[in-house]
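When the chains are written out, they are named A, B, C, D, E, F and G in that same order, and each has its own residue count from 1.
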Amino acid sequence: MTPFVADVLIPLGKIAAVILYPMVMVVVMIWLERRVVALMQGRLGPNRVGFQGVLQPVADAVKLFFKEDIIPRQADKLLFNISPVLVMFSSLLAFCFVPLGEPVRIGTTTLTLWIADSPVGLLIVLGLSSISVFGVIFGGWASNSKYPLMGALRSVIQVLSYEIPTGLAVLTVVFLARSMDLVEIVRRQEASGVWYGFLMPVSFVVFWISAVAETNRAPFDLPEAESELVAGYHTEYSGMKFAYFYMAEYAHMVLVSSLVVILFFGGWLPPFQGVKALAFLHAVPGFIWYLVKIMFFLYLYVWIRATLPRYRFDSLIRLVWKWLIPLALANFLVVALVRFLR
Amino acid sequence: MRRLRRFLKSFFLVDILRGLAVTLRLYFSRKVTVEYPEKVQEPAPRFRGLPRLYRDEKGEPLCIACKLCQRACGTNCFDIEGKRKEGAKFMRPEKFDWKLDRCTFCGFCVEVCPTSAIRFSPEFRLTGVRKDGLLFHRDQMYLLGDDLQDHLCGGCRRVP
Amino acid sequence: MPADRADQSKLRKALDALAGRFGDAVLAGAADKGELAVRLTKDVIVPALSFFKEELGFNAFEDLVVFDNLNSPDEGGARFTVVYRLFKFPGAVRARLTVEVGDGESLPSAVPVYRAADWAEREAFDMFGIPFEGHPDLRRIYLPDDFEGHPLRKDFPLAGRTGGL
Amino acid sequence: MITLAVFTFFAVLAVAGAVLVIVQKNVMHSVLYLAFTVLATAGVFFTLQAEYLGAIQILVYGGGIVVLYIFVIIIVNLKEVVPERRSLLPKLVLVAVPVAVGAEVAYLLLARGFPVAEAGGEGMGFETMAETLFGSYLFPFELASVLLLAVLVGAIIIARRKLIHDPD
Amino acid sequence: MKNYWYFFLFLIVSVLFSVGLLGFVALIRYRRRLVGDKCEPYECGVDPATPTARESTSIRFYLLTLVFIVFEVETFFLFPWAVVHDKLGLFGFVEVLVFLAILLVGYVYAWKAGALEFRRGDE
Amino acid sequence: MSEPFERGPFLLARADAFITWAQKNSLWPFGSGLACCAIEMIATAAARYDIARFGMELFRASPRQADLFIVAGTVTNKMAPVLRRLWDQMPDPKWALAMGNCAIGGGPFPTYSVLQGVDRIIPVDVYVAGCPPTPQGLIHGLMTLQEKIARSRPTKEILDPHARRQS
Amino acid sequence: MAFREIDLNMGPQHPSTHGVLRLKLAVDNEVVLRVEPVLGYLHRGMEKLWESLTYTQIVPLTDRLDYLASLSNNLAYCLAVEKLAGIEVPRRARYIRVVLAELQRLASHLAWTGFMANDIGAMSVLLYGFEAREDILDIFEEYCGARLTVHGIRIGGAVHDLDGPLVSRIRAVLERIPKRLADIRSLLDENRIWKERTVGIGRITAGEAIDYGLTGPPLRACGVAWDMRKDIPYSSYDDFDFDVPLGTNGDVYDRYLVRLEEICQSIRIVGQALDGLPEGEFKAKVPRVLKIAPGEAFHTIEAPKGVLGFTVRSNGTDKPERVKMKSPSFINLQSLEHLCQGNLFSDVIGILGSLDIVLGEIDK
């Protein structure tokens, strides 16, 4: 194989697939969310465009393509235009280090199902996904409107604060796996036979709560709390730029679900590894298992949204600083202690 | 002890799990949605839909242009002029203009009508694309159903 | 009913106390079943209200009603009749205080006595143009600030001066 | 070759961002370019295999410090920097310092050549670094936590003083 | 080594994708028609109460960000140790405990000082 | 829609069909409830009638992201400039639906403070009469609007040079 | 900390001002310093219009005041006119009125629960509340042909009789509602977020509440047992056995509990009224053109939102000289600034929601 093919064409192909993957998941997710929420509320939800309304997100997207784009008076044009791009591309960028499965053998070549891996991949993913705060705060500030600015400030503080319990929860996983390489973490789980989510449920819960908060989803959706801040930081955005914020939020959810699955639920590993009787589960390709698990967590997102009321800002801050961080710290210490005592 | 139990309840997110259980149960329960264009929730017999003029079995108009409805109406929906034809027993409306966009569907006109000429119909689809379609003249007051729909939509026929 | 009669006598007593306190300013007074009706001159209205609140225990301000007597000149012959409705809880007794105000004359504000009178007085000002002296924030409450006229006056046409929009 | 190209790309981006930061009149735009610089620097770290440093760069500088700057700008409500008339001496200093630093760098490069560290095997850098950090550099590491503590306490004290002086 | 080349490629492609899609849509969408109050900032349909909106924040946000940075640095300092803790053994653990203890002092101080609160009445 | 249906180029006709398909199936209403009709509007979005089936349940709070302006209720003279501004703030393409007799023509309130018809301040596409219209009546109105959208020609507006940026 | 004041408009178009209320807020980012409600965006000149209509013609327009509880408005107005004209309402009609008014209270409180929960962010509850309410609206449609602006009570009685099928239908609905309510309660009652958002928020003491003229559930949440159905019974409310639910803290959570408990009490009352439905006329004989000698009457009822009263003054013709409405929302809303003092921006929405205002009756 020529270096050009190996180093440019194949990566480009993979990149196209990896960029497409969150986009497709976003479309599925939007449909899923609207249907599931509707069904939980005793109604049907979108069911008229395509089979059971699956084309609904497509119609929404196409409509938004053609919407006029408004830049408010006195808005900072540069920042106003660049914010959606920042949000969008930062949520895409993190997928670079997220593996989608075991390497696949095609003929003589081995195809890895990730773009890049790194010994600190986990940290990079966390870092890259937090770049979106720039988009949010610049967008809110640039709009020169009060609700967006308030939404942006809320959002940034929220995302930043919840990064700490996220970090502490991840720390326990890294501690057990002794690696920050996402592929390696899955392999360690395979080797140890127990998924870390069952080994350290507290870590998982802390991570999940923080993850929901970092994606600005209910019950932590107060940056865009409709009943308070109209539409939060993207109040002034219309058309495609609004769609970017919208899509980025869902892409972020997909990313977080992937992370949860990789860190705590064995990534593409089939369930019940040790049980001989259920060995047939291995016949299903890993990628399918992976997707199923991701879909479960995406469903959980929607489920929670349909159930819970919204936090208030001060209790949100209190929750993270006075409950989650001490809890995560204590959990970390307990994990470390148990590890050293054994 | 009670405090401990409360703490445990709170720590294990009992309240939130209970909520999740409720939504999950409703997720699988029967849906109440009436899928309107395919299935219509029929209005009740007393439904106060679009008022219109009725005829008797022979096709004779029932309205005798007594203007009682005009007087009973609190919002001036009616503009009636009656005329007695030579040899006719009753007056008949020459002009019977009725403004849909003033009506509150209160039912006074129906209640006072001595001949039950004006009655509520079950018609609830009152859509128009032009405002002038909302002023009903005498002949349109006799229409019902799909005929009426054509009138209401002000010429915007359904695309076949 | 005897309970009723006892109630009645209590109301009578209250009425006498009021007359003793304000003398000539009380133009008329009547006690009906569970209701006390008093007509007053307008300069004693605020002291009378605080008398009702402090001494007679009418703790709630229920309503403020203005009548325009343009077409039906009655009693005093002034342009407006202003009715204060008070409520006593517990006990469920009502009081109805009436004063007459001429066109252009002002009334002292009841807000220092009953906080709940705030918006009611603004409404009366907006609808009838009766100024309330000493009101903390007397502005139109419903209509835009540049609206001309006071719509609930009898000489104001229903469709407005400009004939509606 | 590829590494050099990528490195150059990020380096140029970082320098260009830095230049844009100082030539902007709009403070918020400066912060935007500062963010670019920070991220591009992280890219530089990546290409130099200092992945951990790169990640920290994004997380702490990108996530925290730049946001801090933004809050400061919103709090003090800076709009545009109005150029002040300055006397000659500060101007001279403003020019002289960069020139001097640049000259020194040029001299060092010319005299000693590009300093090259020994490259470890791929992926080894991080673990070595970790072991060194917790082994040889134990004391500085603990000192860092004291420093962080000082930062925290100092910031809170300053903010609280503001509270006391604020009549509100 | 190739990893960073791939990452670089991905970066370029995702930037191109994000910008390109927006640019493409700019070509096909409805043109801007700036009539009436279309470009007024939205404040529930009335004139904004103040001419500019860019002056609303309290120092609390600043303070919380500062505390965040301290904790962020602390958390991510621990990652290298978490990876190599086997080799460092118990000594490394004690080291980390000391590190955490010092920061815990700061945390308690911040708590007591009310830096982690958002409600006005709590002071 | 009295103009004769011009035969455009085939591609544009297909594009029109595609764009209008998307537009009519994703009408995000602007949740502007004014009076009684607002409650029926919400009832339309509630479980029994569920306009989510048409993809219209996303009641946007910000006019910037809405396509459909449902004027549900009495428009007073004090509210009229507000509504006008909200309508202005919506991005093209946008549609307006006057729900209820008050919005259509002042309804039972021919008074000094009520705007006699919202069509005096914004161009209305569909009128849904009733006091208030029943949820099914509103859905019928929305479907009428969908038909109207299906007959529109978005490409013409997009390609129209006169429609380009004016200020 | 440094607080800087920012003026902010909330409304007239805002998803949670329940219509077209406009609040001028002075906030320091999240903390609310001042609240000034601006009314009149729905001022329809109703009282002026009434002066040009006959007594009967006014009734359908009262539907449009508090459109979430139109029957209560009908009832209050009709009672005032009947008091003025000295019309004796038959016993059966009074019972029918009680059934209708209590069903309306159910509908109103269910809708309120939904709106309130939606304001706090639990959007499913909005749908559950509306689903339960839809059953009651079906009864109204069955009874008199309209869902929302019912116009089901006329001067002198009711518009139709309650016949057997309808009675059994009402009973069926009354059985269904507690199940729905149980779902809502298990979603909200114990939920930590819900409690955090409501407990201790918007507190007012009993004394202050009376001073501000609060009525209805917000007052009863402070522990004041002021309920017109008990204090000055009308429409044979004294025939029924029911409790007046009271709160203790006067905060948003207690208002929520009081309203939910009132739903249960209303179900009780309707059951009793249906059981004891007396035989007789459902309507008094009232002349078609009602002329009332000069006089004045004031009558209040306990509407879902509080004490609702009408002052009617006649002048001898068939049209009233003046009709003045005392709307509970109008008075309750006055206390908003007091309730919001020092709370956070998000709480304003919760507090406003807990007052259960309807702009139609505030602006008239």
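In this section, a contact is a pair of C-beta atoms (placed from the backbone, for glycine too) under 8 Å apart; a residue touches a chain by one contact, two chains touch by 3 or more.
Owing to the predicted nature of the structure, the values given are computational and were not obtained by experimental measurement.
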Fewest touching-chain hops separating subunit F from subunit G: 1
Chain pair, A-F or B-G, that carries the greater number of C-beta contacts: A-F
Distance from the mean Cα position of subunit D to that of subunit C, given in whole angstrom: 71
CA centroid of subunit B to CA centroid of subunit F, Å: 21
Centre-to-centre distance between subunit C and subunit B (centres being mean Cα positions), rounded to whole Å: 43
Subunit A and subunit C, separation of their C-alpha mean positions in angstrom: 63
Where subunit B touches two or more other chains, by residue: 16, 19, 22-23, 26, 31-33, 35, 43, 74, 104-105
Residues of subunit D engaged with two or more neighbouring chains: 2, 52, 55-56, 59, 63-64, 67, 74-75, 126-127, 159, 162-163
Set of subunit F residues in contact with two or more other chains: 46-48, 50, 53, 61-62, 64, 78, 82, 86, 89, 91-93, 106, 108, 110-114, 131, 134, 154, 158
Sites on subunit G touched by subunit C in the complex: 39-40, 43, 45, 47-49, 52, 210-213, 224-226, 231-232, 294, 298, 300, 307, 309, 311, 313, 315, 321-322, 324, 326, 330-331, 334, 363-364
Interface residues, subunit E side, partner subunit G - complex: 43-46, 48-50, 55-61, 63, 118-121, 123
Residue ranges of subunit A in contact with subunit B within the complex: 36, 39-44, 303-304, 306-308
Contact set on subunit B toward subunit A in their complex: 16, 19-20, 22-24, 26-27, 29, 31-33, 35
Subunit G to subunit A touching residues, read off their complex: 6, 8, 14-16, 29-30, 117-124, 127-128, 131, 187-188, 191, 193-194, 196-197, 344-347, 349
